[in-house]
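Just below sit the structures, each encoded as structure tokens.
What follows is a pair of complexes built around chain A, which joins chain B in one and chain C in the other.
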Partner chain A sequence: MRKTRKYAVIARVSFSNALAYRVSLLSRFCFYTLFIMIFMSLWRAIYREGSVHGYDYTQIVWYLIMTEFVGFACGTGVFNNMNDEVKSGSIAYQLCRPTHYVLYQLANSAGQILLNMMCFGLLAAVLGLVLVGPLMTFTVAGLPPLLLSLLFSFLLNHFFLMLIGLSAFVLEDNFALFLIYQKLNFMLGMFLPVEFLPPWLGQIAENLPFSYIYWAPAKIFVRFSPDTCWELITRQGAWTMAAALLAFLTYRICMNRLQINGG
Partner chain B sequence: MCKHIKIFKCYFKLNLASALEYRASFFTQAFGMALSNSSFIFFWWVAFGQIGGTIAGYSFRDVLYIWAIASSGFGAAHILFANVTTLTKLIVTGELDTYLLQPCNVLMNILCAKTSLPAYGDFLYGFVIMFIFYSGNPMAWMWFLWGVLLCGLLITAVNLAAHTFSFYWGEASLIGQLATEFMINFSIYPEKIYAPAVRAIMYSLIPAGIAVHVPLRLFTRFSWGTALCALGGAILYGAACGFFFYKGLKRYESGNAIVTRL
Partner chain C sequence: MPVIQTRSLTKVYRTRVKKEGLGASFRALFHAEWKAIQAVTDISLQVEAGEIVAFIGPNGAGKSTFIKMLCGILHPTGGELSVLGFSPVKERRNLALRIGTVFGQKSQLWLHLPALDSFTLLAAIYEISDSERRRRVAELSELFELKDFLQTPVRKLSLGQRIRCEVAASLLHNPELLFLDEPTIGLDVVVKQAIRELILRRNKEWGTTVFLTSHDPSDIEQLCRRAVVIDRGVIVLDTQVDKLKSDYLGEKRVEVRFTSPQPFLHIPGAEVTVEGGGLKAVLTVNTSSCPIGDIMGRLSAMGNVSDITINNPPMEEIIAGIFKREAAS
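Up next, the complex of A and B:
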């Protein structure tokens, strides 16, 4: 219980810190709105030319609003922080704390994600309602599975970013890894629903963890059906467990390689 | 003029040498950026696969063409003039003093002082697209190179103007970031997806239309009038941004920071 409480305190402090940087939040509001407006214009042009597999225009705009919401809510800078800590050696200070490093980073991100979720959730709802009106396919019954799916999305993304951050122990420059991860997410769910991909690629995407960060919660939101929803959440849960285990294991291996010199 | 070219060359050599000092970092960042750009082409490939034909009047090859210009133009701007993105920081922290004290053109000295490693990936990416899709078409190449030149100049000018606001309002990095985002997003999508009012901005305030969409138009339907207007517009825009910078520079208040440039 005491152990849990200290991580809750870290999350609370991180929430307060994030709240203090209002200008940063405001700037991200601008970028979020900009991206939604651009993609809305783009999809409007695409739908003018013909229909697109299984999604109508309102659904695709809400889909993008949801995927961008996940993207912006996940924007905690965990990769950059870890990268800097490992490369500069300041990780030594973190290791002195009476916390587990992986859990510390998780609690630290949780506070920021909570604030992002509240702020961007509100902005997303307002933008969606103003731009395309309410989403008729979404019901209140879909809210609990959606929240669960969002939780798994954030965790899965967080552990992947941690793994890439931890790769700084072995790689001179891991920025390319981060870019590859980011673009895999773009391609496999963030910009396009997996259903839009050619069938052979769609099958591969469904068997990779990356689709479960953006596509799964967005699909549950815009095309809710109880059967597919629980199947998606189960897969998300499984991938999250796997990523978490891998992150703890990698951290342990990296700690064995760590050399700290006094100074 | 000769002095300016000399400084420009000197900075380029030094920046490249310093980038190559960390080869692994240089190549991974450049490769990562090229790969990153490919994901957008993937998006278009899927979108055109769903629709077929054209989207907002652009075919898949047209989209690749504007992507090639935007990517290489952005790359060229950030290989040669990456320091423009740090202008706000230089102004706010008083680090601009170092540049003012040196016996050469201030603007040239500031712009060329830094390079960006991922920008090399952006620059090469446009050429790779051109080699794959337009290798046997000299006209396509000619307007592509023209586009890269104008795009590089205009991206730098837009960034310069946006960061110059720091002379007037203090910290204006948000304006700089927004201007870059607008410039990029106006460049990489068909212009007709935007409303007429937005398109008017694309040909005036944020001239992505002149930088990227006009070269495509010149390649498909050449007209002397369009070419000359685009060239004149770009030169005027660049000159206006330079003038705006020097006007703002008069408001700069020196600090007492001691800065060393290594």
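Up next, the complex of A and C:
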């Protein structure tokens, strides 16, 4: 019991710590709103002709609000934290504790994300309702699968960021990997629904894990259908399991190769 | 059973090397060159329960690498080691429940939260119950005099206050073995003294074994009974601090400032260098043959002394002296 309780306390302390960054949170609120306004104008110009690939204007704006919500809410500092810890050598403290480093980072991110989800969730709902009104295609029955999908989004994104962070154990500079990951996410679901991609690319995107971070929860939200919803969630779950296993395995390998900077 | 036991412990790092210049940078893109660095070589060491051992050496000697192997963070390249009966590599998390660490230049506290929140977090990590945590925090808060700033965010604490919190945090789970890696670095004299007293008290009252690295000779003189000197990954001396004191630490540097020039100065038992046109003098005194009180007495009898500072020689000089003597013997 105490072994699992420790990770809950880590998440709780991380939540309190995130509350200390009020100015950062407010500035990200402004950035989020600005982002939505700019892309909404872009979509308004595109949607003069009617619906595109089955998404009407209201749906595409809510899609944008949802993907940006996932981006802002699930974006934790895990990559930067791990990079800093490995490069400064302060990882020594984390490894001297009776915790599993991968689980410690997960609990730490969960605390930050919980706060982000609450704050950005509220902002996203208000923005959507004010800008385009309610999303008629979404019902309360869709809420539990949506929350489950968001949980998988967070976990999948977290384990990917963690894998890139773990590469700091062996690479001198892993920022390029982070940039590639960001761009892949942007193109494969964050900016556009996968249906908007050319068919050959859409096919590839559906078989890659990156689309399941942004596209899956946003599609469940704006075009909810029980069949596609559970298929998407199953795929998300499978990719999350694979990414988690890979993160644990990579951590084990990296531990054997660890060199602490500064002695 | 010894608390720490190592046999022929060795750690070799592989590091990338690149020659100077732009051309070499391009070549390194396609053909990386690696160099093996022997950080720790064949160290066999035994530390008994309740000992306070100083592990000293110049920068890059392999002290931190050795400590990190003992904690299970770094995996040795060769040799055997056992800490509190555990194999640090295989049983790192079980061992972590029974050891405490302070890395003086790094922080284990959450900067934006009060130290009290970090204590709560650490108590959960070390699987301490809530009632026990409250009792231990109260006890450590009294011992380390933390009460006034326990609820202040760590980033707003002075370095001395933060280090007191760091040491207290490392003792929260009552570790049997404490690794202190330069715990007094950057602290003023008063705080250094307070930290030393707290460590000594913990050792006396709880029998905590302390394994300490420091560049401050006073830490070693006042805290430790045994000193192990390491250089380039090899143990060059393992002796009692009393012996180290008489042989190497007994030398003090006395800086004297005068109100009127004193071009010639002769103090029996001291090696004297006069500087600044006779307004300043540096006396090197071996306290084992000439007590510092005698020197003070002679200086104050001169009547024109405005200021006196007594310093230990730098650790690098002490170690250089040890090498010289060991090479000669």
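Note that in this section the second predicted complex is superposed on the first by the 256 of 263 C-alpha atoms of A that agree within 3 Å, B and C clash if a C-alpha of one lies under 4 Å from a C-alpha of the other, contacts with A are read in each partner's own complex, and residues count from 1 in each chain.
By definition in this document, a contact is a pair of C-beta atoms (placed from the backbone, for glycine too) under 8 Å apart; a residue touches a chain by one contact, two chains touch by 3 or more.
Just so you know, these numbers come straight off a predicted model, no measurement behind them.
Enquirer: For A:Asn256, select first, second, both or neither according to whether it touches chain B, chain C, the two together, or no partner.
Expert: Only chain C; A:Asn256 stays clear of chain B.
Enquirer: After the superposition on A, what does A:Phe31 contact: first (chain B), second (chain C), both or neither?
Expert: In the superposition, A:Phe31 contacts chain B only.
Enquirer: Thinking of the overlay built on chain A, is A:Asn207 touched by chain B (first), by chain C (second), by both, or by neither?
Expert: A:Asn207: touches no partner chain.
Enquirer: Now for A:Leu95: first (chain B), second (chain C), both, or neither, which partner does it touch?
Expert: Second partner only.
Enquirer: If you stack the two complexes on chain A, which partner ends up touching A:Val13: first (chain B), second (chain C), both, or neither?
Expert: Touch partner of A:Val13: chain C, not chain B.
Enquirer: I'd like to know which partner A:Ala176 touches here: chain B for first, chain C for second, both or neither.
Expert: So A:Ala176 only meets chain B here.
Enquirer: In the overlay, answer first, second, both or neither for which of chain B and chain C A:Tyr21 touches.
Expert: It touches chain C, and chain B stays clear.
Enquirer: Report for A:Gly50: first if it touches chain B alone, second if chain C alone, otherwise both or neither.
Expert: In the superposition, A:Gly50 contacts chain B only.
Enquirer: Taking the stated contact definition, name every residue in chain A that is touched by chain B in one complex and by chain C in the other, in rising order.
Expert: 172
Enquirer: So in the complex, the part of chain B that touches chain A is made up of which residues?
Expert: Of all residues in chain B, those touching chain A are 22, 24-25, 28-29, 31-33, 35-36, 38-40, 42-43, 46-47, 49-56, 118, 174, 177-178, 181-182, 185, 189-190, 192-195.
Enquirer: Which of the residues in chain A end up touching chain B in this complex?
Expert: Against chain B, the touching part of chain A is residues 23, 27, 30-31, 34, 38, 41-42, 44-46, 48-50, 52-53, 172-173, 175-180, 182-184, 186-187, 191-192, 196-198.
Enquirer: Could you list, by residue number, the parts of chain C that touch chain A in their complex?
Expert: 13, 15-16, 60, 62-65, 68, 71-75, 92-94, 96-97, 99, 101, 103, 105-108, 110, 112-113, 117-118, 120-121, 124-127, 129, 153
Enquirer: Taking the complex as given, what residues does chain A use to touch chain C?
Expert: So the residues of chain A touching chain C come out as 2-3, 5-6, 8-10, 13, 16-17, 20-21, 88-93, 95-100, 172, 255-256, 258-260, 262-263.
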